[in-house]
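Across the two complexes that follow, chain A remains constant while its partner is chain B and subsequently chain C.
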Partner chain A sequence: MRPRESLTSLVLTAPATLALVIFVFLPVAVVFLLAFTNYQIGAPGLGWVGLDNFEQLFGSRLGRNALLNTLTYVAIVIPASVGLGLLVALGLHALARSMPRLSDVLKAVYFLPVAATLVAMAVSWQMLLHPSLGLINTWSSALGLPAPLWLSDRGLVLYTLSAIGIWQSVGYNMVLFLAGLAAIPPALYDAAEVDGATGGWSRFWLVTWPMLGPTTLFVLVVTAASAFRVFETVATLTKGGPAFASDTIVYALYREGFVYFKAGYASAITVVFFLALLLLTALQVWVIERKVHYR
Partner chain B sequence: MKTSLLALGLALAAGSAAADTTLRVHYAIPTIWADTQAALAEAFMAAHPDVTIELDGPAEGYAEGVQRLLRESVAGTAPDVAWVGLNLWRVLEARDLAQPLDAFLPEDPEAQGYTGALLSLGRFENTQYALGTSASTLVAYVNPDLVERAGGSMENFPTDYDGIIELAAKIDALDATIEGVWVSPHDWRFQSFLGAHGGRPMTENESDITFDSDAGVAAATVYSRFASEAGMSTMGQNDARQAFPAGTLGIMFESSSLMTRFAEGAGERFDMTVTPMPIVAADEEVYLPTGGSGIVMLTDDAEKQQAAWDYISFVTSPEAQKIIVETTGYAPTNALVVEDASYLGDFYAQNPNARVAHAQVAQYAGPWYAYPGAEGVAVTDVIAADLLGVVEGADPREAVENLAETTRSMLGFN
Partner chain C sequence: MKRMILLGLLALGAIMVLLPFIWMVSVSLKPQAEIFTASVTLLPRAPTLANYWQAITQTEIPRYLLNGVIVTGGILVLQLLVSVPCAYALAHREFRGRGLLFAAILAALLAPFHVTAIPIFLGLAQLGWLNTYTALILPFTATAFGLFLLRQAFARIPAELIDAARVDGMGEMAIAWRIAFPLAMPTVIAFAIFSVTAHWNDLFWPMIATTDPQLATPPRGILFFRDAESGDAPGPLMAGAVLVTAPLVLAFLLSQRRFTQGLANTGLKG
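Take a look at the complex of A and B:
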């Protein structure tokens, strides 16, 4: 019986496994190989260049600039988006008891940016942020405030994109936190009250926050993964400019591979990016997991 | 009964295979080209009933188009003929995908309207790889209302950079939301100013950078003075392309291909006027890099090549060029269509702006230098970044000299 069962299992899993190998693992392997060559898209041949591509990424001004920009973006977006998501979720969760209709409407409003296509939203942002015609600068000039070049000042552009990134991801984090809040057993709050934790802050600090641990970990991982991958807003709003000021690692990957046709170098960026994300996820899961589960 | 039907079917299939050639044609930028391409294909098929034109789904822009052609060529599914950006056909040539056209060219190209200047747009190392199909050069778009409010007039519109800077500064001072002049820090625009000053970006044999000449410094100085004297901002291209039609930008140096779009955008708001590039050097030293599209033959099948050439020579003929000019706003790439008033005389009478731009193409058209080698496209982004530095206040001479050194080392020239 047993070999027969194993055979059936094998037959059942084979098509999916085969598809995975052909369409995921093989291409990934090819990318890993290309990362060590100077292959150009469409070129008849390629040469082995060893670690040159990686040296260029970490050694050249442009490569380091893209890495640094990405880290800056991530450092702003992760805490702001997770923090705001938590705040909004707490607010709406409390509001749901007194004004459930309003709370539902606000939930939908916060979730809209997640549901909307980011590229289409980017076009709206572009119109809002236009230096002389946009709504934001028209208002700020009317109020006597300065009218900055939101997307074409190299000192400002990365922060503008970060703000858009936060706007886009807060709603998603809010939904996850709301689910986490709903899962906290009310009995815990009663028990805390009996033990003397009556204030809002102590209730949050002693019950809500620890119970949200697993949710927070998940939200952090998801936000980090999407923040590191920032691409759509860069591609539609700034094309990495002005003068590479908003060049991020995934945009650099696209630029090198599909604008400059340097497939080898783009593959090297992909490899580094892949390993970095893998490491980050592993770190978050292995190290923090131990501290957030109570069962 | 069955056998005869089968025989009939086979005969039909065989007959159609022998008589009909199907040409797959690639093009990009459907917002400009979709209707034009359909009209051209229809006109061509009417004249050549044995050839069927099959238009591939268009690519969004020229860069995406070339990416797709490269991918398709790797997969062996490349189209037979492709319309590509005039600065990008060299990418196909460098990979041996574009077929030489010399064997097909008429003995006296000049008589067919293919002048030397126009052939130069698709020529490299004495081999013809592409033929221009539509052309554009840098022109100045002017908002006459703002010029008048600043105390100027279109009758004495300045024809040199000093005059334009002075006027732009006055326009810029009108109002906080109004800007005087804008030009994108960009390789093609820089090459245009360079050519207007009589400079060239590279030596003839493409072995060294030459834009660190006096002409190059003068070209960068135009950017520097626009910013320091006329208050040019660093706003992005999309922002500027919205600001000009909205009436908040006085003078904008842009590609002549945007003429129709700007005229429609400005609508009744103001009477958009096109003026030519101020030329500084003597005429014989001047060239203006020409943007637009060219057509290349990709098929290496001898039978298809003949049909492909028929199509290529059709779309570059005066009849087809008339269609392109009237529907896209690009300048033609066949001299006959400009010289012979029977083709476009009425069109020019109604579109004086187009006449300005097309006359400039006919007089000064030159190749849009594409930097050679693997880093060729990357170099143009570095040029753009350093020009932005000039707009932000860097010294033009120093910037151009540093840029030339960076470019040389990227391209492996030293």
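Take a look at the complex of A and C:
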């Protein structure tokens, strides 16, 4: 290859490559190193502490609490958001045959929270759930139901945040499932009918559900990955409180690193968070590979 | 009958999804007295635009919106300037290290921004660049996702077309920008929607990189506003929330297909 040609390639690719090195690869390497130190932001020096930071995360009540809260949040949001996303997609898909316009309007409505600014919507949720000025408790009191403190009851706050997380992500999953449904060849339903599957349920289990397999896997992983990152609603509505009842892993990362300036400990939290996401991706790749083999 | 039940359930779900939107707009239109009352109603009885007037003239909301435009615009321009030539080279040129570079891009896709935040913060602090627009914009120049999407789109352009341009004497940079870029416009738009939405709505990095309210992006600004009014002025606060949410929601309603493509069908998020 002529040197001029190589120079051209270099000019074209160097800025992006440099940006990737400076803003992705170098920081990732640094975060893995910092995780084994006691570095404090602003401190003159740092010391090697081995696995101390990880011991603190997994051994202390506060660290375990953040991990457990995140897992609880993920465990609630995944099935609810994926399940509801599938139900809404099936409903809209069926509705589209008789009332396509209405189906499109409803689709836009369900997708709205995905495009909206989550922080602003969380502020609206805060007003909606306000103990005395909010609509939810006004209505539930009128119906004779209890009017709980949605965001300041320690036993309840994580579930409230999960509900908002579900509200925000259902539309996204719905769109993915709708794309999956549109890709199923109608001939398969005709074939199933010939085989005697005439009812809605048998059609669903015989054709729709297996054909949606890859979509469902993808939706599960995407939902899990974004649920692990929950931050905006926590930062806006609870700051991890009350008494750390809604502390999550990314919020703990933010608090330890940028409020308490414990860069070493926050790096350890980052590493654990990153490894969990990588594990999730590996799981996805593994399942897809296995599927291809057994087909 | 069955269809009516289906329609009823879907409509009920839609109302639940819409509730925070309706409530946000409703409170923003209510006079102060109607908000602080024991008999809360869903819709305002005497709607007024006073809250919007107050949010626009007496608060920093316009400043936050301007910051949002500067930051999201700056990020998108930088991302495209850096990514388009590189993605073009990956798709239509042979060079040493091409496979390695593409593998690096795929690897970089795995690292969400949260993972790199601490070292980038430390680096910006060293340079004394915290609390600047640079701090809000520069770290997002590297976009593995943008590089990947653009490379895939450019690879679909026939090689003959590129060769013809070369024969005509066009330089490689010119081919990247004047041939490949316009031909990949649907992908560029999908990426632009993804990038602008992600950074307009982001709270994590603005909370880390800036403490100066003058630099607050819309979500950060809403929180400054809320913490300052501390419950005294929910009307203007909701008006501010509407103003912050409106640009993207309106853009979505005007071009739903492109938006769903940009946010969902591109296949990745965050």
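FYI, the second predicted complex is superposed on the first by the 273 of 295 C-alpha atoms of A that agree within 3 Å, B and C clash if a C-alpha of one lies under 4 Å from a C-alpha of the other, contacts with A are read in each partner's own complex, and residues count from 1 in each chain.
Everything below uses one rule, namely that a residue touches a chain if its C-beta (ideal position, glycine included) is under 8 Å from a C-beta of that chain, and two chains touch if they have at least 3 such contacts.
Quantities reported herein were computed from a predicted structural model and do not represent experimental measurements.
*Asks:* Which partner chains sit in contact with A:G199 here, chain B, chain C, both or neither? Use first/second/both/neither.
*Replies:* neither
*Asks:* For A:Q40, decide between first (touching chain B), second (touching chain C), both and neither.
*Replies:* The answer is first: A:Q40 touches chain B but not chain C.
*Asks:* Have a look at where A:A243 lands relative to chain B and chain C in the superposition and call it first, second, both or neither.
*Replies:* Only chain B is touched by A:A243; chain C is not.
*Asks:* Contacts for A:F261 in the overlay, against chain B (first) and chain C (second): which applies, first, second, both or neither?
*Replies:* After superposition on chain A, A:F261 lies in contact with chain B alone.
*Asks:* In the overlay, answer first, second, both or neither for which of chain B and chain C A:G83 touches.
*Replies:* Once the two structures are laid over each other on A, A:G83 reaches no partner at all.
*Asks:* Which partner chains sit in contact with A:L133 here, chain B, chain C, both or neither? Use first/second/both/neither.
*Replies:* After superposing on A, A:L133 lies in contact with both chain B and chain C.
*Asks:* Given the touch rule stated above, what does A:S152 touch, chain B (first), chain C (second), both, or neither?
*Replies:* First partner only, chain B.
*Asks:* More residues of chain A in touch with chain C or with chain B?
*Replies:* C
*Asks:* Overlap of the chain B and chain C footprints on chain A, residue-wise?
*Replies:* On chain A, the overlap between the chain B and chain C contacts is residues 41, 127, 133, 258.
*Asks:* List the residues on chain A that touch chain C in their complex, please.
*Replies:* Interface residues on the chain A side: 1, 5-6, 8-13, 15-17, 19-20, 22-28, 30-31, 34, 41, 84, 88, 91-92, 94-95, 98-99, 102, 104, 106, 108-121, 123-125, 127-128, 133-135, 138, 167, 170-172, 175-176, 179, 218, 222, 225-226, 229, 231-232, 235-236, 250, 253-254, 257-258, 263, 266-267, 270, 273-274, 277-278, 281.
*Asks:* If you look only at chain C, which of its residues touch chain A in the complex?
*Replies:* For this pair, the touching residues of chain C are 3, 6-7, 9-11, 13-14, 16-21, 23-24, 27, 35-36, 39-40, 42, 81-83, 85-90, 93-96, 101, 104-105, 108, 110-112, 114-123, 125, 139-142, 144, 147, 172-173, 176, 197, 200-201, 203-204, 207-208, 218-220, 222-223, 226, 234, 237-238, 240-242, 244-245, 248-249, 251-253, 256, 259-260, 263-265, 267-270.
*Asks:* List the residues on chain B that touch chain A in their complex, please.
*Replies:* 63, 67, 69-71, 73-74, 91, 95-97, 176-179, 233-236, 238-239, 242-243, 246, 248, 374-375, 377-378, 381, 384-386, 388-389
*Asks:* Quick check: in the complex, which residue numbers of chain A touch chain B?
*Replies:* 38, 40-44, 126-127, 130-133, 141, 147, 149, 151-154, 238, 241-244, 255-256, 258-262
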